[in-house]
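Two complexes follow with chain A in common, the first pairing it with chain B and the second with chain C.
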Partner chain A sequence: MRMIVTKLIQLVVVLLVVSFLSFMLINLLPGDPAEVIIPFGTPQARAQLRHDIGTDKPLPQQYAHWLNNVLHGNLGQDYQTHQQASTIIKQALPKSLQLLFYAEVLALLIAIPLGVFSAYRAGSVADRIANLTVFGLLSVPDFILLFLLTYYLGVKNRVFPVIYPTNTSGVSGWFKAWFLPAASLAAGQLAVYMRLLRTDMIATLQEDYITMAKSKGLTNGRILWRHALRPSSFSLLTATGLSVGALIGGAFIVEVIYSIPGMGLTLFNAISQRQYVLLQACVLVIAVGYVLINFVVDILYSVLDPRIRHARAAA
Partner chain B sequence: MPEQPRSPIPLEESIETGSAPHGATGLDPIPAVAQAIAIEAAPVHHGKRKLGIGAWISIVWLAAITGSAILAPILPIAPVDARYPEIVRKGPGTAGHILGGDSIGHDLFSRLIWGARNSLTVGVCAVGIGFLVGGLLGLLAGYHRGRFETVVVAILDILLSFPALVLALSLSIFLRGRVILGVQMTGLMTVILALGIIAIPAIARIARASTLTWSQREFVLAARAQGAKNRRIVFREVLPNVLPAMLSFACLAVAVVIVAEAALSIIGAGIGPDKATWGNIINDGRGDLTTGEAPHIVFCASAVIFLTVMSLNYLGDTIRQRFDVRESAI
Partner chain C sequence: MQHSARANRWSVRFLASVAALAVVAAACGGGSSNKSGSGSSGSNSGGTPVAGGSITYGLDAESPEGFCDTTAQLAAAGILENLAIFDTLTVPNEKGQMVPYLAQSVTPSPDYKTWTIKVRPNIKFQDGEPLDSNAVKANFEAYRKGPLFGFVFQNIVDERIVDPLTVAVDMKVPWIAFPSFLFGTGRVGIVAPNTLANPTSCSNHPVGTGPYMFKDWVVNDHMTVVKNPNYWRKDSAGRQLPYLDQITFRPIIDPVSRLNALKAGQLDLMMTDNGDTIFQARQAVNQGTLADVENQQSAEIGYTMLRVNKPPFDDQTAREAAAYAADRDELNQITNHGLNTLTNTPFAPDVFGYVKEPRQPPIKFDLNKAKQLVSQYKAAHGGKFEFTLSSTNDPTTIKLAQLLQSQWQAAGMTVHLRSADQGTLINQALGGDFQATLWRNHPGADPDTQYVWWHSGSPVNFGSINDPQIDHDLDEGRSATDPNTRKADYEDLQKVFGQKLYNLWSWYALWAFISKPTVHGINGPDLPDGGGKQGLVASVHPMVGLWVSK
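Here is the complex of A and B:
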């Protein structure tokens, strides 16, 4: 319990710093917002504008004002387009989450059976081939995989769309529309998951209770799936949680290439069109999401793994 | 007599759990990934001091790509900016141009070699910055402990709480065109500095974790008993032992930075749109891939990135195994 309270205090501090850095981003960027809004305005008009949007006040006061707005769900309004950043993000975030979910499920669906199998047949030819393939997958950046898949499955054989379709019909349409980007993101995750599971599983299979289960005459399948998998999946769980966090920001190159209107593309557009308020909002949302997910994983990990729990209790 | 390192918790405990009293949660994202990459990738050579075939292939590839990058100006290849209208979108095997041309008629082969020059420069320099700053911070934090360590770890945690590519992108926008220490930042310097800053926390963590275990060893105690100064102990006793772990991580880091540079180029925040980099080649060829007209542009650049990244990963892994770098090596 004490550990959770300490972690919560740490979380609040980190969130405050993260929000402050996101806030500072807009102040550090080149260019005065007042000049962006009225490029040819008189100095008086600009001064008036600075007063209106509050950029003439001291920084701490601006930050407090901004933070208050953010906590009330108001992420600011763009100076040029006058769109609410929160409205844009509300549309973009679900897209990114769908991609994330699809990719993770795909990766786990392949990684778990593969990891269990190669641990069971550790050292065999099949295990080596699986390991080499996976090592290769680790070295392929997601965007390169996306290009390869796009060309062979989208351009040469028109199985999947080469760019994100704006309207999809039905469940199969949904699966098709997201498959290429999700698969290219899943490949890297899959490699990490499979390796972690394999290593942990090999260790678990050395345990006495596995020998016991074997001597009781349980089938291999039952031993692997019912007895060995769960105690071997702590690292896998952690890695999944962490990569969900990492993908929030890391998927954005894939989003940009495949034109998925998610957080990544929004961020990219905000940068290229110099919509700093939107940029700030995106960075804030992504970073806060990342911090929160890492926090949850951290807590879950220590709840699930008795070794960590006891090490901390002893400390 | 130098003072004993101060520590908020008993030292034995921090050794046993292999983690620090604060900050490290057993969940460090970077080491977790690095470990995942490193787990039994190369065949284990028990006691043998011979390099495997994979390691040799990696070394030969990296040597070839580095050599041609350095020698690019004197190699008998087409000039980097020369355009040949007759080879626009022509595939590999065109007479006089081994890999053919890109979408505006550059010689793809020469473009790739000049691209290696930029991409490798970014990779090596950025990791160099991360190595110098991060390594020093980690080493000092791990050795001196106390309040200094608390502050360093807090800063690292905060840097790590931003998604790396988002932070790199923000930094690269922020730094572009600024004057820093009296130097006008060019596109190349911007990207190097941005990616270097990203590399600092991960490298610092590795260095600190490694230093924590090594500085508890008997030979450090012996050196201290003989009256060695802290500076001598850190640089002559601890550093040589920490270096292999950092070196193996540096190989992985160069690979990550090369990919990140390509990613930044693809979204238009790289070292400049007209410069030859692997990322720019991919970005320029994207359109011809989706139309199916000239997929070789993207494929050639992708293959070069893939081989380089794979070699660096494999080599980093080999180094790790050779020195048997384990955080719990006590």
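Here is the complex of A and C:
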């Protein structure tokens, strides 16, 4: 419990830093932010904007004003669409989360059995083929893979949609709709996950308790999945948390190519169309999300490994 | 019209944004050997239109500012969306002449200082408001007071209600081409007066008299319009327009994804000005799997805009050197598969007063001549011929800029590149912060619509052209009632550009509307008063005539 409280305090500090840096995005714009944000706006619109974002106040006061709004769910108004940034993000975020979730699950679903098998058969031909394949996938940028998958599975054979469909029907429709972008993103991740798990698993399989399990006549499957996998998965867990950043980066490009109206496409348009308030809100949400995911991963360590939990409790 | 100096600045900035829509650069567009002009192919020859059905239309951009015609900056995609919702008072016919559309008549006084606009009776906006003289006046006021069109309509002194359907518009000076400005490349739609008072509502829930009614808009995802059951038009066979029940617009930024989606059947129709995409689409058209309509009528011009009051391009020798050193055929081949039609004038062939070769002999790529001119310039300017070429930061335009840089450097010039997003590039142009920049602009059938870009008194004369002959041609061309005088003015204007090389013209932009073979009606139905179909203007085609065959 004490450990969680300490972690929470650290989390709050990190979130404050993240929020301040996001806030500074607009303040770092050269000249009058109102001129930059709405270059073709009327003086009335610019005056309203200065009032809304409080640029006529001292910096600490501006930050406090902005943070207060953020904490109340007000991320500011986008002055091009005349919509609240939070409204736009509420529409975009679930789509990105679905994509990231699908990609992570897909990557883990393939990487875990492949990593276990590869470790169990370390050095065999099958292990080498598996390694070669995942390294091949790792070396192909996700957007190139998306173009290839789109062409062969979408345009040529029409198995999957080639752009994000506005309407999907049923669970199978959902899986089909998201498959190509999720698979493109998952391809690079599964190589990392599989390799990490394989390495840790090989080390685990050398442990005395594994030898003991074998001598007791436990089946290979039981040894691998019940006794070896859990202690071998810490690096995998760390990588899964950290890779959210890489996935978000890849998702930006994939969302643009696949026309998914998620955070990546929103961010891309916000940058290219100079929607600074929306850009600031997107950066804040993504950064906070990244921090929170890694906080959860940190907590999960102690759930997975009783040694960490007990050590922290003892400390 | 009472505008403060500050108000004028927004107008200037906003007008500049119109150019922004075109800035994308000289890289895009083009012409074809077999489909120049307002050509049509399979997609428009589908027999008898049938009512019903829906289509998904892939666009090249989102319109983040929404759809309020009087205030929103709209790129080509947004204009198409708005043409589903709004009608304009006039439209061009296939000959490029403006004819009444929402208006029943648009009549000048003998001296062209007053235009009388009478709208058709019994037309209602989609919210039930009547289209009458009050609505037209309210729209004029909104356009004139707004930052986007205030500068364009600065020649208007006042608009007066004559009767319930008629408005008279008084001008400062005679304005021959006023009906062209009422179309405004499809941008001057008549907006429901109730929505004009609320910018947010006007942007996010547009209401017009057009063939389709706004249904919903999810930013970056889609915008849907549904059939307006009370639309005022029927086709020449008496069938109610529009034919389709619904159009869903999808912004798909990447042109490859857009074409793939069309090929995979997720889209029914798409727009593009990307040379690679048009090239690929033509292969599918030849195989019969897709159809397309390509347009370069009243086309925009891709060109290098020069700042002619700053070194080095304040010196004609430098401008000539740059012109002779640019191998436009090579640029065209590499950036657009050679699809573009090169031009030596700022006007498309259908534009009033067009002259094919305003300079005799025309300038052609000549590296030796360019090198001589560079040496000549360097000798007179301390041994330096150095400048920066600005461009937008999309890959196609950057490629074009790099190619131009290599060609100019081969002639002995030192060329630096600078790229920026479109908004920044426009701000740089407004502030005079450039020496040469890749640009695209000047669509429209009447040359008077280009007045503000080149007249010495205009704040959006980005290149700072200050030529009394051009001013004279533009002023007289705007007001001369004798068509021959106007024609001579605009011919002369092109000759002055040809001689002085204030801008280095490259090619006409080519827009393609690519579709499944079952989609028809891109050129629209016959005009309401007969006389053929509506003419296409650059990236603009009517939405009212779209239909799908079974």
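Following the convention adopted for this analysis, the second predicted complex is superposed on the first by the 263 of 315 C-alpha atoms of A that agree within 3 Å, B and C clash if a C-alpha of one lies under 4 Å from a C-alpha of the other, contacts with A are read in each partner's own complex, and residues count from 1 in each chain.
One rule holds for everything that comes next: contacts are C-beta pairs under 8 Å (C-beta built on N, C-alpha and C of every residue); 3 or more make two chains touch, one makes a residue touch a chain.
The structure presented is a predicted model; accordingly, all values stated were derived computationally and were not measured.
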Return fit or clash for chain B versus chain C, each positioned on chain A through the superposition. clash
Chain B versus chain C as contact partner of A:258, first or second or both or neither: second
What is the contact status of A:62 with respect to chain B (first) and chain C (second): first, second, both, or neither? neither
Is A:158 in contact with chain B, with chain C, with both, or with neither (first, second, both, neither)? second
Is A:74 touching the first partner chain B, the second partner chain C, both, or neither of them? neither
Which superposed partner A:98 touches (first chain B, second chain C, both, neither): neither
Output check: A:150 vs chain B and chain C. Expected answer is one of first, second, both, neither. What do you get? both
Winner by number of chain A residues touched, once chain B and chain C are compared: B
Which partner does A:168 contact after superposing on A: first (chain B), second (chain C), both, neither? neither
In the superposed arrangement, which partner chain does A:248 touch: chain B (first), chain C (second), both, or neither? first
Looking at the overlay, does A:48 come into contact with chain B only (first), chain C only (second), both, or neither? neither
Set of chain A residues, in rising order, touched by both chain B and chain C: 147, 150-151, 154-155, 162-163, 256-257, 268, 271-272
What does chain A use to touch chain C in their complex? 39-43, 78, 80-83, 88, 91-92, 147, 150-151, 154-155, 158, 161-163, 165-166, 256-259, 261, 265-266, 268-269, 271-275
Parts of chain B lying in touch with chain A, wherever the complex brings them together: 9, 13, 17, 21, 25-27, 29, 32-33, 36-37, 39-41, 157-158, 161-166, 169-170, 173-174, 177-178, 255, 259, 262-263, 266-269, 282, 286, 289-292, 295, 298-299, 302, 305-306, 309-310, 313-314
Over in the complex, which chain C residues touch chain A? Could you list them? 6, 10, 13-14, 17, 62, 64-66, 73, 147-148, 199-200, 203-204, 218-222, 248, 250-254, 256-258, 260-261, 263-267, 421-423, 427
Partner chain B, residues of chain A touching it in the complex: 14, 17-18, 21, 25, 28-30, 131, 135-136, 138-141, 143-144, 147-148, 150-151, 154-156, 162-163, 191-192, 195-196, 198-199, 235, 238-239, 242, 245-246, 248-250, 252-253, 256-257, 267-268, 271-272, 279, 283, 286-287, 290-291, 294, 297-298, 301, 308, 311, 314-315
